[in-house]
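In the two complexes below, subunit A is the common chain; its partner is subunit B in one and subunit C in the other.
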Partner chain A sequence: MAALVVLLLALACTGGLYAVFAPAGKAQADETAQSLTIEEGKKLYSVGCASCHGTGGQGTSDGPSLVGVGAAAVDFQVSTGRMPAATSQGAQVPRKKNIYSQAEIDQLAAYIASLGAGPAVPTEQQYGPQGADIAKGGELFRNNCAQCHNFTGKGGALTHGKYAPTLEDVTPKHIYEAMLTGPQNMPSFPDSTLSEQNKKDIIAYLHAVNGEETESPGGLELGGLGPVSEGLFAWVFGLGALIAVAVWVAARTAKAKKS
Partner chain B sequence: MSTTTSTTGTPAADAAGRSRGKAPAGERVADWADGRLGIYSLAKANMRKIFPDHWSFMLGEVCLYSFLIIILTGVYLTLFFHPSMNEVEYHGSYVPLQGQLMSEAYKSTLDISFDVRGGLLIRQIHHWAALVFLAGMFVHMMRVFFTGAFRKPREINWLFGFLLFVLGMFTGFTGYSLPDDLLSGTGIRFMEGAILSVPIVGTYLSFFLFGGEFPGDDFVARFFSIHVLLLPGIMLGLVVAHLILVFYHKHTQFAGPGKTNKNVVGMPLLPVYMAKAGGFFFLVFGVLAAISAIATINPIWALGPYRPDMVSTGAQPDWYMGFSEGLIRVMPGWEINFWGHTLVLGVFIPLLIFPLVLVAIAVYPFIESWVTGDKREHHILDRPRNAPTRTAFGVAWITLYFVLLVGGGNDIWATHFHLSINAITWFVRVAFFVAPVVAFIVTKRICLGLQRRDKDKVLHGRESGIIKRLPHGEFIEVHEPLSQEQLHTLTAHEQYKPVEIGPTVDENGVERKVKATEKLRAKLSKGYYGEDAQIPKPTVEEYKEITSGHGHH
Partner chain C sequence: MSSQDIPEENLPAEQGTAHGAVRVADEKNPFADPGLPPHEHRIQDIDERAAKRSERTVALLFTLSMLATVAFIASYVTIPVDRSVYIFPLGHLSALNFALGMTLGVALFAIGAGAVHWARTLMSDQELADERHPIEAPSEVRAKVMDDFRQGAKESALGRRKLIRNTMFGALALFPLSGVVLLRDLGPLPGTKLRHTLWSKGKLLVNMNTNEPMRPSDIIVGSLTFAKPEGLEEHDHEFQTEIAKAALMLVRIQPDDIKDKRQLEWSHEGIVAYSKICTHVGCPISLYEQQTHHALCPCHQSTFDLADGARVIFGPAGHALPQLRIGVNDEGYLEALGDFDEPVGPAFWERG
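The block that comes next holds the complex of A and B.
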């Protein structure tokens, strides 16, 4: 009897739990759409990506495995034009014109995400400016990012021709994805290292100091690169102008009258 | 002489004065001042002082005026700057730093930039003027160097000028370190590291200077005293001494007709140079103010407050310290460990080379005067081509300096020219040794080529570009003979003979011991004035023979 009660209870629990956690009918309908998207993504993948990353995304000697990189990595790499890369690139794959539509990128991302769990594409709520602390973002940026990307994200050099690119006109979404996935030489900053709020703060700071509406209170920024460009400017336009003035003043002198 | 009292003048003069009425106001003021300061004789002696005219003689003026502008703007900045490292929270006008913790020094610099009327413009004039001041001193020094203006009697003034350049570097360094921003803080941290690398005393020196670590809690106040009081005070004294010596020695001039070693051909101080110099001051001020209004410099708000745990890429010092940055960037990171001590050669060797680079150019005049044995006074300037060895040395030094500047900015070169930073570093390592030698050889050859060209011009005249066809069909280019003035200018320079060791046996036939330094000197002198080191200038006989009319060559 007791055994029967336990069995019934166990069955009830399992059924109950299934009822609670089972995907809803709508989700099942989505699943078909999702699998279609994945199918489409796979087709795009075999045309544009498979030659380097392998037919199943397992990677080859020409490209790393994409299992587990997540949709965020695909969205970043493809929408910034870095992927697909040229067959022979230099030290680093550069940013270039994106050749895929957003729908195609989503399909590709869905396919890669289906290969293994990874970070998803962030939503506007995650990278948007609402509730961001610019000053905190600046502190975090100087602490985590400035050593490669410069004080205000103008970019900088890395070893052997590699470089940290400028962050000017990089969209908030892509900055978020880059922090999340760590493309190329960049370390990744998952939420356990930089929380969602931290990332939001950093993006808001960059927008404030290196955005389209950023004003430079002191005049021309000279690239925002610091003393090297300032020194060049001082030599060429400062001393250069003064020498030109000196030549002009010296040329205009009181001439002795010829008798 | 006063016309209203009769205590100083003779009765006759007074009577004469009275009969002419009161003297003009200006005369009375001058008289009042002369009675108390004795400026009449001083002015009489110097008002008609003659200065020669050449644009390159105004480079020193650029330095003097930018120095004055730096002092004027600096005084304004001290009114608002707080040289304190107490930690405060920022609540000023610059939004991206709101609520951040920072030192009072950094906060007050932000306030100067955003909340003090005219503060940002004055700050930018101060900083741009400093960069131009140092660049001006560099070029002025090179002008003096390449024209041989450092020769007797001006060696001490050369050293004064050199000291001004070095002191200017450190005044600049202590100045841009004051705001306590992340960039300058990194620079101070670098300096602290360099001091720490000195064996045995490094740690003590560092604590003495910074009052702590990373890099310390006292240095802003200390650097402030050094920056606004100690170094500018010494520099002001040196500037005055520099100018007094210019007056005392009289200005050098380029060779030309009527110009000798014993005269100065030019315009008098009053009124010509007073007007020109006065006007030039305002032109310099105007150019610097315009630049400061157009372009930003050291935007400390974008750099953030200094914290030892932060650093940015592109962390370079101002340009005049750039060669030291180059030294440290290209030096391999060597290290020796023994008995629990570390000798950081990667930092210590650059620290030793840093003063050597500067001293190399400073002592050159003394080396040259020793090698040449020339102890006479020189008031006529050399054209650089006529002193090939000196010119070549100067170019080699500048080459070394700029190679190190490239090393100091290796990351900017890498990103802007799409190069590998490692390749640039290796290039600088090799070029540090090779480039000055190549520059020396190339410059010397160019100088000799130019000497040959001068000789050719003197003997055959200027190529006019006019082609003439002779009756028998031959084409020749017409050469125009030079004017007497040009001939004089091109042949005015002296040519020296190499110093000989002299007979190695005395009159009694006893062998004399020749010192190694003597041999070295003879060898160097041969390098300066030997057959390969100068083209004999045309003699009168040569000139006469060619111009006597045997057709063109």
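The block that comes next holds the complex of A and C.
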């Protein structure tokens, strides 16, 4: 019995590793390990996802079809905690705490990828900073992304309570996956229209303007929203302070006898 | 109500004599002028030590300003432009910017605060009444001015030397013409420029990201791509002028989801090409929600339904986004099948 458990675990790990390192849809690894990972993923799927997305991933009135969304979509949605979604979400499924381990996510991804070919989970090579052109990334970001996510990725509002979330603490891998798969109302930017190098450049740009060590030359960036918040601050607090000082100076009498 | 707290010997001698004299009402002025209220002294007027203290405070503020100015120059000279510091509520910021801003602020504020303190505590605060006088000059002064003018006119011989007079009038009359001629730069009228873009039959759709033409298979359902007409390069002199009219957004919608019949006809396998320029005031509009097929304009929230002929479903825009008719050329690349059939962007007087 113990030997069987060890064997199963070993097979599951192999499958998990496979899902990480190999592009889905191009089967190269051991068929057995692959099918076992898929089997495990299917079990997780039946428990966590099937109630909305249907028993075979074909979708129901509560959730879209997952055929062809690919491993990248699963990795993004589950590891940012967006999926599984609460039964009564508002306008948009928010980011929340992820409840699955990476191995489980990989199994789920393998299962979904087996339903139909779709984008695979990107590798460090694809989203890492090596060989990225930050200036070009800025140009691409302003052309493709800034309209919703703001010019330094601070996010913004959309229609009917929907919003483009801030990109401030989103990992490069998740940014890459979001561009590739277009989660929720975000349009997708497939490699055919926004190349791998383009995506790498965009991620490098975001790290430069919105990373942990990003410095704001003036300090006090007020949300990075540009002239709106800066103008509001200057008019309300700057002018307010001037008026308050003027009132204080005039109201304080210099007379020896206070009346 | 004057100054019972202040010792008698400290009070100035004239206290109360010039002020507080109340005039009585009579037949002509039923409302009595109450005059100025009695003057009250400041502690600095009475106590020389307090005055000294104020003097020192003002001098200290002015000295602080001098030191801050020196510190400003020193920061400018010594702090490298790329040094970053962490300052608590502000976060990571440029050390040079912070030092220059703080020292300049302190230098200016200290001058202002010193001047205010000086004026309030040490400068005279005696109230003064200054009566108004008529501004009209006396009649003899006016008569003298008129005489001088007449004499000047006679001596200049303007009436006799007609050539000078006429040429001077000519020069003065022509001079404003230069200003009128410059108004020409407001024109020429745009003519048909607003009605045409660079798009024409057979022009390939070039991806703005990769600068390559596109095949229909590159554009998947739910994606968003921006395109420019073939031959327009970013370094072209006219690039901004042309892209402002020709900017295109490409989305692919399942043909079954497209409600507008003409939109479907003008699309290619569900790939639709709409002008990216909002029809309200011309902002670039590309906040595309792929599930609802709505495109939102960030300026005034006009919302267009890209699955229904880009109809306006919310906001101030006056008409739908113009659609570009597209197809595929012999080599399988997406191409325009003509220009937009209506002017792109905001409406104008003669748009029709």
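Everything that follows uses one rule, which is that the second predicted complex is superposed on the first by the 224 of 259 C-alpha atoms of A that agree within 3 Å, B and C clash if a C-alpha of one lies under 4 Å from a C-alpha of the other, contacts with A are read in each partner's own complex, and residues count from 1 in each chain.
The working rule: a residue touches a chain if its C-beta (ideal position, glycine included) is under 8 Å from a C-beta of that chain, and two chains touch if they have at least 3 such contacts.
These numbers were taken from a predicted model, which means no experiment stands behind them.
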Fit or clash for subunit B plus subunit C once both are placed on subunit A?
-> clash
Subunit B or subunit C: which reaches more residues on subunit A?
-> B
Identify the partner contact of A:140: answer first if only subunit B is touched, second if only subunit C is, both if each is, neither if none is.
-> second
Which partner does A:195 contact after superposing on A: first (subunit B), second (subunit C), both, neither?
-> second
Thinking of the overlay built on chain A, is A:182 touched by subunit B (first), by subunit C (second), by both, or by neither?
-> second
Could you tell me if A:231 is touching subunit B, subunit C, both of them or neither one (first, second, both, neither)?
-> first
Applying the touch criterion given at the start, work out whether A:100 contacts subunit B, subunit C, both or neither, answering first, second, both or neither.
-> neither
Now for A:219: first (subunit B), second (subunit C), both, or neither, which partner does it touch?
-> both
Give the stretch of subunit C that clashes with subunit B in the superposition, choosing among 113-121, 131-139 or 221-229.
-> 113-121
On subunit A, what residues does subunit B touch that subunit C touches as well?
-> 143, 147-148, 156, 158-159, 164, 216-221, 249, 254
So, in the complex, the side of subunit A touching subunit C is made of residues 140, 143-144, 147-148, 156, 158-159, 162, 164, 182, 184-190, 192-195, 198, 213-221, 249, 254-257
Contact residues on subunit C for subunit A in the complex?
-> 3, 5-6, 40-46, 84, 87, 89-94, 97-98, 116, 120-121, 125, 207-210, 214, 217-220, 222-226, 251, 284-292, 294, 296, 298, 301, 303, 314
Within the complex, subunit A is touched by subunit B residues 53-59, 61-62, 95-100, 113-114, 120, 124, 128, 131-132, 135-136, 139, 182-183, 267, 272, 276, 279-280, 283-284, 287-288, 291-299, 301-304, 307, 309-319, 322, 408-412, 414-415, 418-423
Please name which positions on subunit A make contact with subunit B in the complex.
-> 90-91, 134-136, 138-139, 142-143, 146-152, 154-161, 163-164, 205, 208-209, 216-222, 224-235, 237-239, 241-243, 245-247, 249-251, 253-254
